[in-house]
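The same subunit A turns up in both complexes below, where it pairs with subunit B and then with subunit C.
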Partner chain A sequence: MVQYGGDEVAALVVDIGSSTLRAGYAGDDTPKAIIPTYYGYKSQPPDADVSMSGIGDDPSAHNSRIAKMFVGQDGPSIYREGMEVGNPMKEGLIEDFNPITPLIRHALEDVMCIRPADHPILVTEPAWNTPANRERMAEIIFEEFNAPAFYIANTSVLNAFAAGKGSALVIDIGHSEASVTPVIDGFVLRKGLVHSSLPALVHKRAKHVLTQPDQNRRGINLLPHQLVANKAPVDPGFEPQFNVREDRLQGITKSWRNWAENREASEWIHSVASVLDQGWNEQAVAARGARQYEFPTGYNYHFGAERFEIGELFFAHPQHLQAANPNLPKSLPQLISASVTSCEPDIRQVLLSNVVLGGGGSLFAGLADRLNNELNRIFNHAKIHAPGNPAERRYGSWLGGSILASLGTFHQLWISKEEWQEHGRPIVGQRCK
Partner chain B sequence: MASGVGLHNECLTVYQELKLGHKYKYILYALNDAKTEIVAESKREVKSKEIADLTSEEEKYKLFLQDLTKGSTCRWGVFDFEYFVEGKRNKLTFISWAPASSKIKERMVFASSKDALRRSLVGIATEVQGSDEDDIAYETVLEKVKK
Partner chain C sequence: MTSAADIRSVLSVPEPTPGSSQQIKKPVATNKRPQGISRELYELIGDSVPSVVPQQSKARLKLKPNLGSGPPRSRWEWREFRNGARTDGLRLSHWVKAGADPDAAYPFEHYNVVSNPYRYTEEEYAQLLEDPEWSKEETDYLFQMIEDYDSRFLVIHDRYEFPGGVLRSLEDLKDRYYSICRRLVRNRPWNGDESSRSKILGLLAFEKERELTRKQYLRSLENRTPEQIAEEEALYLELKRLEQTERQFKKDRDDLLRTLLGIESGLSDIQLSDDSTLHGLNTMPEIKKSKKRIGSSMEIDSPSTPSNSMIQQRRIPIVKNAAFDAQHCITRIDLPQTTVTKSSHQAAALRSYKIPTPKQAVATKVAQTLSEHGVNSSRLVMPTRENLLHLESLIEATTLLLETKKNVDRVEQDIRFMKAKVLRRDGQLGGEGGEVPMEVDQEAVADDDDVGIHSGRGARKKNARRSMSMSSVDTAAQAGRSNKRQKQG
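Our next item is the complex of A and B:
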């Protein structure tokens, strides 16, 4: 049954998030290849699509018209005339499998320079992944990459294990989804699993706040650097002085523009946004002070209250937002309460004493401290374990997979190619529990 | 999802001696250096001088904690916990100790191997998981044991 022990051939670990795809050797402490999950593509002009005629109703027809894909660090971020930007992920799950093979291939073959057919591959999945999705992933790894062995591991369980805990309440905040998963003795309690697009909301709100004028400043133009020809230094708050690359303006697509502006908003969030440790308080905001940030256009400004308002969205939604949109994604305290109360009373204390915080989004400045305060306000004796090392938090699930797949003793769990050929899809659900 | 790490034969032998023969007050288990097997790292006999000299259960438990939390190593401990509720009783208590100061690889293998050990130890009445001293303090554990 066992052909491939982790000791003889280095296994590979592939962790696909909605912002980046992480790949590397099992046993390493950081992934070798970190590439954007966003990819650029150019469509074939419809009239050139002769061979594809007659399949207009096929949902994959859209993708079959993709003439060229641009992936990796030189993918969407390079200006190309007429290039659109896509992302295969939706709510943390792979929605469109077509770009997945090129993305993984780029990470393994172009960045890591290896032959995937030589290595067992461990892939991670979120706790709410569907059986059809994981089987499709197994198919890709075996059929497209010819890998000798495959395993798919749950990110929540990996995060809990990496904290040394068999039982934990795992809070994973990613690029677009935030999830709360109760794990008991290494197994996910499905009924307590909740997730929402909270990080996406925070991001959208940040973009909105920046582009809208307020009493002190005008709306900010999030023009990306690819479209700025040159700029002159200006004083904070003054009208930016820059020239647009007119030659490029015609060639950009709506999806690319949107992606590029979102990236500018993300940069702003990473640089200046923060959350107060004790809830909203004007004095605390004043005490923490404003922070200067400059956009690609040269516009710069001292951001004060705005940079904290954004962070509050993780914990509570302002009433005017809630009134305008009753279906806002649940805030972190709401997610946690929903998760904990759907579990049996006798395990609630175990979960709350072992809260594990992970995911790149959890590195939002001040979030871990605030979460700790909020939890202790709602529940007694809640305790958060958040790795202090940012790499451990950002790549926690990759790292967990890396350690697991590097163990010689783990070999009995791999699904070998022979087993796949003999049993087919059902073996994935049987082996990867 | 488990690491596939197995148990050394001695793990169960000493556990049986504790459970049936009440030979030991506690046993400590840990991963071997290669992280390929769980071994019984150390144990303390009920009749040993260190235990026999101590009069209260709390002191015995504290001695156990000293051994359990030594260094930055992840360990499992089985402690024969004695308490009073309408007379003297005892419960076998299983404690997982993974301090934040331990290495991530060790924590990962430790947590993913626990099931192999725990499932083999039949008759454990209480289970506690800790990563700092508050989690496994005498009062905390006593409260759980009494439930």
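Our next item is the complex of A and C:
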């Protein structure tokens, strides 16, 4: 036990992402509880019409009106009359802390069936987190969960640890944010940190491509299966034959509909979209062929070029998009060059020979290969480390936290409740560098 | 004779309970095979046991694994512990063996190593450390950062934010810190001898200008465009071609001279021309180009000039270069004088790209051997020229060691085989003469060892046969030594 440096103290690791919240025991190889960060809620009746109109624009205002929350796997995905869907995260950061406590509580108490007060808790944060945010997180863990000890660690560093590296260039592609972070000896170099909401752009673009008609097909109705009563099989490309559940149609809210349609779009991305390994090439697209996909309405179609166009957005933005809005999020090669060039020339080689790819967004089909090719085009001697196991890629930051919190040498770093009470908020910044 | 017990042990069938089957088989076991019938035949026709034993003992439902016979079970307890590396009273719990000492120190405490950076007093600062560029507050801040981040200057530089301070480069920070440390070491009373002090001063040496120049070189190396790299390669090829033509021209000229003047033209000229090309290769391209222009022009203008003056002229810049090199830590390497191809060209690159790796076929074995000797070959912290050479020789030595080991194993096997043969012959003849093949083999061993170890640095030809004492053990020791040097460097 001692020879591996591990000493388990039944610590918990909580990794909050834009898409899912992961929680589990330190020392495990996968999180025990994986619940969506999206949550459903019902507002109090008098304000119902107000919150229908504007969702997500003023979280602190609408949270006071929440009457009931639905979190977990059967939270937002189940149809409930008048249920809104919210997400506390914005650009990788926690923007609204009110739903965080119920979300963590659900993961720990309902899914893992444990008492949080018995366990030290390690929470993750993105590298661009604000000091106020991490102090607030410490407050929640100590005051609301009564945990004996707390630590907040950086997702980029943890991704590097999960890959077994102390120094690495971490490319983390999440649900909404893509970031490139140089990590040296377990410390983030803040000057080299760059991030952009590239995955969100790709997602938005995919939804746009699907819903807009083109010369071959009509725009696709992304009606979720919760609203489809029955459907009949149709040939590819033909008008779908289905019946809508009229009884539910009245009860849905705009935010729920939006969430459900986004989910259909991401399902399409996960199953069909891909990226070419050597840049855009019409012939390669034709050679890879089309792929069939069926939507909940029964509409199905062979998607050819459009499934590759989406992935291309990770690497280059087409002219017409750039012309339409000048401040598009930076593409991956741009992010990587920006990050590497802002580092000292001495360490560039170290970073480039230890590129770690992580995050669920990096599971986009073909992305790792393409990234490898792009990297070798810009820099020679770049070496990319991308775990083949999808779970390791998706939960890389959780896994790193699991490794870190199960190390015997780590236990001196915990912020104990005693220290929290004695020193207050500044201790977080002092301890978690 | 096969007995039931043998079959049982072969098939690992448990011993049946003493019962009827045992009694039936007993007379079978005592039966003698009649003369003249082969054993195999008798076992087929005779009343011996059938080849498949029917399970006669009581049928068991399922074989349970036997868990009782292993080592005795130990009890573990979930117990609170105190971590001595913590300053507060946090008590976490972990699993420990029930009998463990509850007051024992936490095993991970001693990994909490606190570095001991240099500190200065108010007086010392006032006397020695004043600097117009740095305020006392900022210096304090710098030293605090160095303590907080354990002298990780890259991280310190990244996080360095002194309120109201100017923007400092990494070199500024390092320069300030090391210059203060040097001054402190120099001016404080020293307990040890002078050599240890100068050694520490050497460790604290930091030349800002040189560091900046180095970084600048690195940057320009990185910023080469593909066109520039291609041009560099093209130039290299062009250079080589020119050299070849020159050599050819020289050879022709010498031939001509010799035919015209006979011995007076001098055979030494041939020698010298070879020599000069060699020197030419050793120097940097720029220096060489200018030199060549001088040389070739002279050759063309006055072909009959005695070559001595030419040598003189050529030697001077080289001598100068030696001093220049020593001053600027430039090491010149012999370029291989092989045929000119694109692949033979080595572009400018960082030395860390050139870390040698063992041959693919033996890579795992080499790594294994190295790790057996406690050498971590995968991570070379400081790839300087010497270290790379050491690593290369280490890998070479290891490869050779493995080869030698293989040979030795083979030869030993041969010896054993021969010995057995000899013994058998001795038994038959009862005579001498068994030693001869063995001696021949030992000779072979010595030969293998010798060649194997010395061929490493390409000195195969020079090396006369050495004694047998150069064994594989020696190679291992050599490997260990060179590794130590590598770590120090």
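Definition applied: the second predicted complex is superposed on the first by the 409 of 433 C-alpha atoms of A that agree within 3 Å, B and C clash if a C-alpha of one lies under 4 Å from a C-alpha of the other, contacts with A are read in each partner's own complex, and residues count from 1 in each chain.
Quick note on the criterion: contacts are C-beta pairs under 8 Å (C-beta built on N, C-alpha and C of every residue); 3 or more make two chains touch, one makes a residue touch a chain.
Here the structure is a predicted model, which means the values were calculated and not measured.
Participant: For the overlay on subunit A, clash or fit between subunit B and subunit C?
Facilitator: Clash - subunit B and subunit C, as placed by superposing on subunit A, overlap.
Participant: Look at A:Gly408 in the shared chain and tell me whether it touches subunit B only, subunit C only, both, or neither; answer first, second, both or neither.
Facilitator: A:Gly408: touches subunit B and subunit C.
Participant: Once the structures are superposed on A, label A:Arg190 by its partner contacts, choosing first (subunit B), second (subunit C), both or neither.
Facilitator: A:Arg190: touches subunit C, not subunit B.
Participant: Output check: A:Val111 vs subunit B and subunit C. Expected answer is one of first, second, both, neither. What do you get?
Facilitator: neither
Participant: After superposition on the shared chain, which partner residues are touched by A:Glu418: those of subunit B (first), subunit C (second), both, or neither?
Facilitator: After superposition on chain A, A:Glu418 lies in contact with subunit C alone.
Participant: With the two structures laid over each other on chain A, which partner does A:Pro345 touch: subunit B (first), subunit C (second), both, or neither?
Facilitator: So A:Pro345 only meets subunit C here.
Participant: So, A:Phe161: does it touch subunit B (first), subunit C (second), both, or neither?
Facilitator: The first partner, subunit B, only.
Participant: Hey, which part of subunit C ends up inside subunit B in the overlay, 289-297, 361-369 or 415-423?
Facilitator: 361-369
Participant: Which residues form the common part of the subunit A surface touched by subunit B and by subunit C?
Facilitator: Dual-contact residues (subunit A): 185, 408-409, 411-412, 433.
Participant: Subunit B touches which residues of subunit A in the complex?
Facilitator: 29, 153-154, 157, 160-167, 185-186, 350, 353-354, 383, 385, 387, 392, 399-400, 403-404, 407-413, 432-433
Participant: Residues of subunit C touching subunit A in their complex?
Facilitator: Its residues touching subunit A are 83, 85-86, 88-90, 92-95, 106-108, 111-112, 148-149, 152, 154-155, 157-159, 170, 215, 218-219, 222, 350, 352-353.
Participant: Would you mind writing out the residues of subunit A in touch with subunit C in their complex?
Facilitator: These residues of subunit A touch subunit C: 2, 5, 7-10, 120, 148-149, 184-185, 187, 189-192, 344-349, 381, 408-409, 411-412, 414, 416-419, 422, 433.
Participant: Show which residues of subunit B lie in contact with subunit A when the two form their complex.
Facilitator: 1-6, 35-36, 74, 96, 98-100, 102, 104-112, 114-115, 118, 129, 131, 135
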